[in-house]
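Report on the structure given below.
Should a chain be cited, it is by its letter among A, B and C, assigned in written order, with residues numbered from 1 in that chain.
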Amino acid sequence: MAEDLLGTGREVFFCRRPGRGVGVRRSLVSINDLTNEEVEAVFVGADEMASLLRRGGPLDLCRGKILCTLFYEPSTRTRLSFESAMHRLGGAVLSTENARVSSSAAKGETIRDSVRVVQHYADLLVMRHYLDGSTRVAAECARIPVISGGDGTHEHPTQTLCDLYTMRKEKGKVQGLHVALCGDLRYGRTVHSLAYGLARFGARITCVAPPGFQLPAHVRERLLREYGCRIREFSRLDEAIAGEASAPRRRSGDGLYQDLIEQFDVLYLTRVQKERLPRGEGPALAAESFRLSRALLRKAQEDALVLHPLPRVNELDYDVDEDKRAGYFRQASYGVAVRMALTALFLGVVRSGGFAPGPRPRLSVRSVRVRGVRCINDRCVSLSEPDVRPRFVPAAEAGGLRCAYCEVEVRPPTRGRGELFR
Amino acid sequence: MAEDLLGTGREVFFCRRPGRGVGVRRSLVSINDLTNEEVEAVFVGADEMASLLRRGGPLDLCRGKILCTLFYEPSTRTRLSFESAMHRLGGAVLSTENARVSSSAAKGETIRDSVRVVQHYADLLVMRHYLDGSTRVAAECARIPVISGGDGTHEHPTQTLCDLYTMRKEKGKVQGLHVALCGDLRYGRTVHSLAYGLARFGARITCVAPPGFQLPAHVRERLLREYGCRIREFSRLDEAIAGEASAPRRRSGDGLYQDLIEQFDVLYLTRVQKERLPRGEGPALAAESFRLSRALLRKAQEDALVLHPLPRVNELDYDVDEDKRAGYFRQASYGVAVRMALTALFLGVVRSGGFAPGPRPRLSVRSVRVRGVRCINDRCVSLSEPDVRPRFVPAAEAGGLRCAYCEVEVRPPTRGRGELFR
Amino acid sequence: MAEDLLGTGREVFFCRRPGRGVGVRRSLVSINDLTNEEVEAVFVGADEMASLLRRGGPLDLCRGKILCTLFYEPSTRTRLSFESAMHRLGGAVLSTENARVSSSAAKGETIRDSVRVVQHYADLLVMRHYLDGSTRVAAECARIPVISGGDGTHEHPTQTLCDLYTMRKEKGKVQGLHVALCGDLRYGRTVHSLAYGLARFGARITCVAPPGFQLPAHVRERLLREYGCRIREFSRLDEAIAGEASAPRRRSGDGLYQDLIEQFDVLYLTRVQKERLPRGEGPALAAESFRLSRALLRKAQEDALVLHPLPRVNELDYDVDEDKRAGYFRQASYGVAVRMALTALFLGVVRSGGFAPGPRPRLSVRSVRVRGVRCINDRCVSLSEPDVRPRFVPAAEAGGLRCAYCEVEVRPPTRGRGELFR
């Protein structure tokens, strides 16, 4: 039944679905929308795509299919690599590079209205938007699959897939890796999805961020409660690498961290998201505390892997590029193969044992409205869009609520939970 | 001779022209550039395209052809549905989503100069521009077909085709329908072309607009003189629906309107075009007078059809979406099939008995310069572009002149007409 | 061996390379990156492409290949004609029409970083950027061919190829032509590459520019020293055409210019690059001194050819268009064929005897860093990009240095040259 349609001569992973592929009726907004098996399926798919690309020549898997990219924020890697992936697969692309200005959003159209229209023009929608939870809104109302290209400070799941794929490819596996997440961990959406991904695959996480830029509390607590992942935190990269006793928050007596703390397998750097800073907060000084210079890198592990979702600004010196541990350009180069696999899987033109074609139960399915409660996150889509109403899912703690869009945790007013929900 | 090349198994409407299709050497700037038979030909074509789309798979009708979209104003539906149509037909697309900033217009190039260059790069040009009559300028100088995607406050003919197609599809036919045009009828280009289309196909029109936003006098008079269509006017939607006696301008003794005025078959809503308002005019209050709420809709006819060209802002409540009479998202969904038919017809890759491939006599062909007369419309392209000179055609009234570009009527100075023309 | 794969039935110029084409590993940033034989090869290729276009139908030469256009400045002709060329060749396009705003450049990414990423998404990069020498930076770090679509005030080599192709097509050959370069010769990049091209092919050059807009000294000196081309200069076009004795800088005793100076074969006009003027310099007045009106054109040679890279602003009257000598729209129309030939050659899908597929020794290969010397050109990429360090090549004069990026000449401090270089 499973034919070697891609002709890779390897164990058949992909086979064209009977008849033409149909959209799989599911979306990718959070890395948690995929199971671990599905993440693996994407990686196996990416390997196949990469070997097809090396052999050159056009593929026709997506002939007749249309990808629409709708970007409300600047992008180089995400938009162009998705579009490149679709072209390599033989499909067509509708592109909007600056939807904030050149789409009907400029005339006041809501996300829901735009998406309910655009879904008739394409078979797959990749969207980036500046509001947290915005791409969840799109996924909820679209009849075609929606893949998030990043939503505000919330998540960036396809970047995380590229990150994990890079670690798996260059380090063999993600499990057991010790990863330092450095930089603006508060506003950087890539590290939020990556932290979940790392925790789920059994990596250890150390966070390095100056005061004001630490991982949001709701992310840290969710890592602990849902995935049993306890993170260690430093405020300066040199202290994290050197393991200095003066490092604040260092819990030196903790049994989990008996080995030398400078033994990072992966240094994952991110820039200060200056476009998301509240007015008055200066980004320049902050970056100094986690800047990776060639000198500092000398103190790191011999076979450490330096990653960065890019663009970098001043937290990663240009002369680090020449160090063999610099992996960030390879990381970017894997984007096309990973996104080819995603595109083919979500369009349903290939299938994989690990990837469920039907819709999965989503948080939003079980989400409810709660009397008198609105999200506390200023950037949440539920506060800005007139046609989105606050919805919540129960968080792990008793009485806790999590916004169904931006996933920030909200404490409901002190009343019985029964009377709040409706 | 007429082969069933599309394989629809129905009465053959389209057949590929002998040899490869050649541009039909005509353009679509006003809905009045098409005869009623040609509008019907587009609709039959759209039906065929829709059935082809449902059967899935790529079409190759436009293989090797290039569509160029040149948009000087924001767009979601028009640009993306045209581009989607071209991709579905197997052609390629050159796209400029923000030509005001990223084309040579930013350096001061005129429309004529830009079009005379772009015509060498594509086979069909779809253009949107902020000046009234601008797309007529493009059509005049291009050797490839030009289709307007909207020009200032003048017209938006392909939207009108989608609107009429929706009414025909959901109501059986346009003739005899009673349509309420509501909202900003002054600056909204879609209602201008729609009013002509409705009048020509024998619909009845009621206009609902607050003071300052009524249908321009030259449109109203042309409807009457050229198509014998007398419109009734209200300033508030609730009054129009309720048929209150207090409604201003209501001519209750008029034989034409003996039936209950709340019997609207179609409620066509439009937003306030706030980007076209003179400074100081506030849009928010105006919209209240024609806002369609769910409560108000309860009073309307059971099988009324609510349409809107979208985007909506605050004149159409979001909870109306759940009413079965809400037809605006279906209206948007028909855009691809209608624009596939238009693209195929104007590229000449299909032909239809009803659609004349050769150039039709155009207003502009017979237009003349008139000594000392310039257009009185501030937004007219003839006042802004240094290489466009005012031209006019005789309007119906003796001595009347109509601008050949924006079609606003101008009264010439009181002299003999003979000495004015040259 | 050389098959008539394009089926033009003429002496075979192109033949598909064995196996699939591979990028030729060279770039086009300056017209001086091509030898005269290679320029001729592009022209022969353009002739073939034009005849293929006339016969209609899609070509498949670039099927499966991807062109990425990355434009940091507005463009109509260059971007759209390259994209059209790629579509006509059967390839796909990734487009960024406003990279300054909608790419990661908006977040502070350097050119090098962007290019090192984008090279993984496409097979050929066409880039326009506002900094002088920027496209050289891209070409240096990319593993795919980079073609400049214009870099600041430096050069615009593909425009020059179109210009020379037009002269060759309409005048038979470039050698011996007398060309007047008029307008903003200081900030206009097209005239800089064109002047080199004309000099190398043996044309005579007269420059017409008002004070403050003359050809930069380093270009004028290089023309003389490297190509033996002495230019004559006027400050007003009417004087140049009329040959008035009052013309400043006129060297009337010069043996080279004994014939009547009004005998221009080509009048090449350019607009004032007002976006590059230092604040306070007014462009309007300047343009008057080289404005070509129909009246002035009457005094020019009967078979003169008027060219302009377009867009024009106010230096070329619109009524000149009707004169048979107006060649600028034909000039623009040749852009697709010329860029099809360039695309096919640089992607390596065709080959030509005259065009070397391998990398050529480049200035930058031999460039060196010089202690304490930085470029003196405020617009040079080496002063703005944190990851570009100043590099120089020896200029003709003893001790002279030329910036490896913007090619402006720099005088090193008065010390021995040996101790400067490192």
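Heads up, the rule we're going with is that a contact is a pair of C-beta atoms (placed from the backbone, for glycine too) under 8 Å apart; a residue touches a chain by one contact, two chains touch by 3 or more.
Keep in mind the model is a prediction, meaning the values are calculated, not measured.
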Taking all residue numbers used at the chain B/chain C interface, answer same if over half belong to both copies and different if under half do.
-> different
Rounded to the nearest 5 degrees, the rotation mapping the CA atoms of chain A onto those of chain B is 120
Using mean CA coordinates as chain centres, what's the chain B-chain C distance in Å?
-> 42
Would you mind listing the residues of chain B that make contact with two or more other chains?
-> 95, 97-98
For chain A, which residues are in contact with chain C within the complex?
-> 56-58, 71, 74-77, 80-81, 83-84, 87-88, 95, 97-98, 271, 274-275, 310-313, 318, 329, 332-333, 335-336
Across the complex, what residues on chain C touch chain A?
-> 20, 63-64, 66, 68, 92, 94-99, 101-110, 113-114, 116-118, 120-122, 386-387
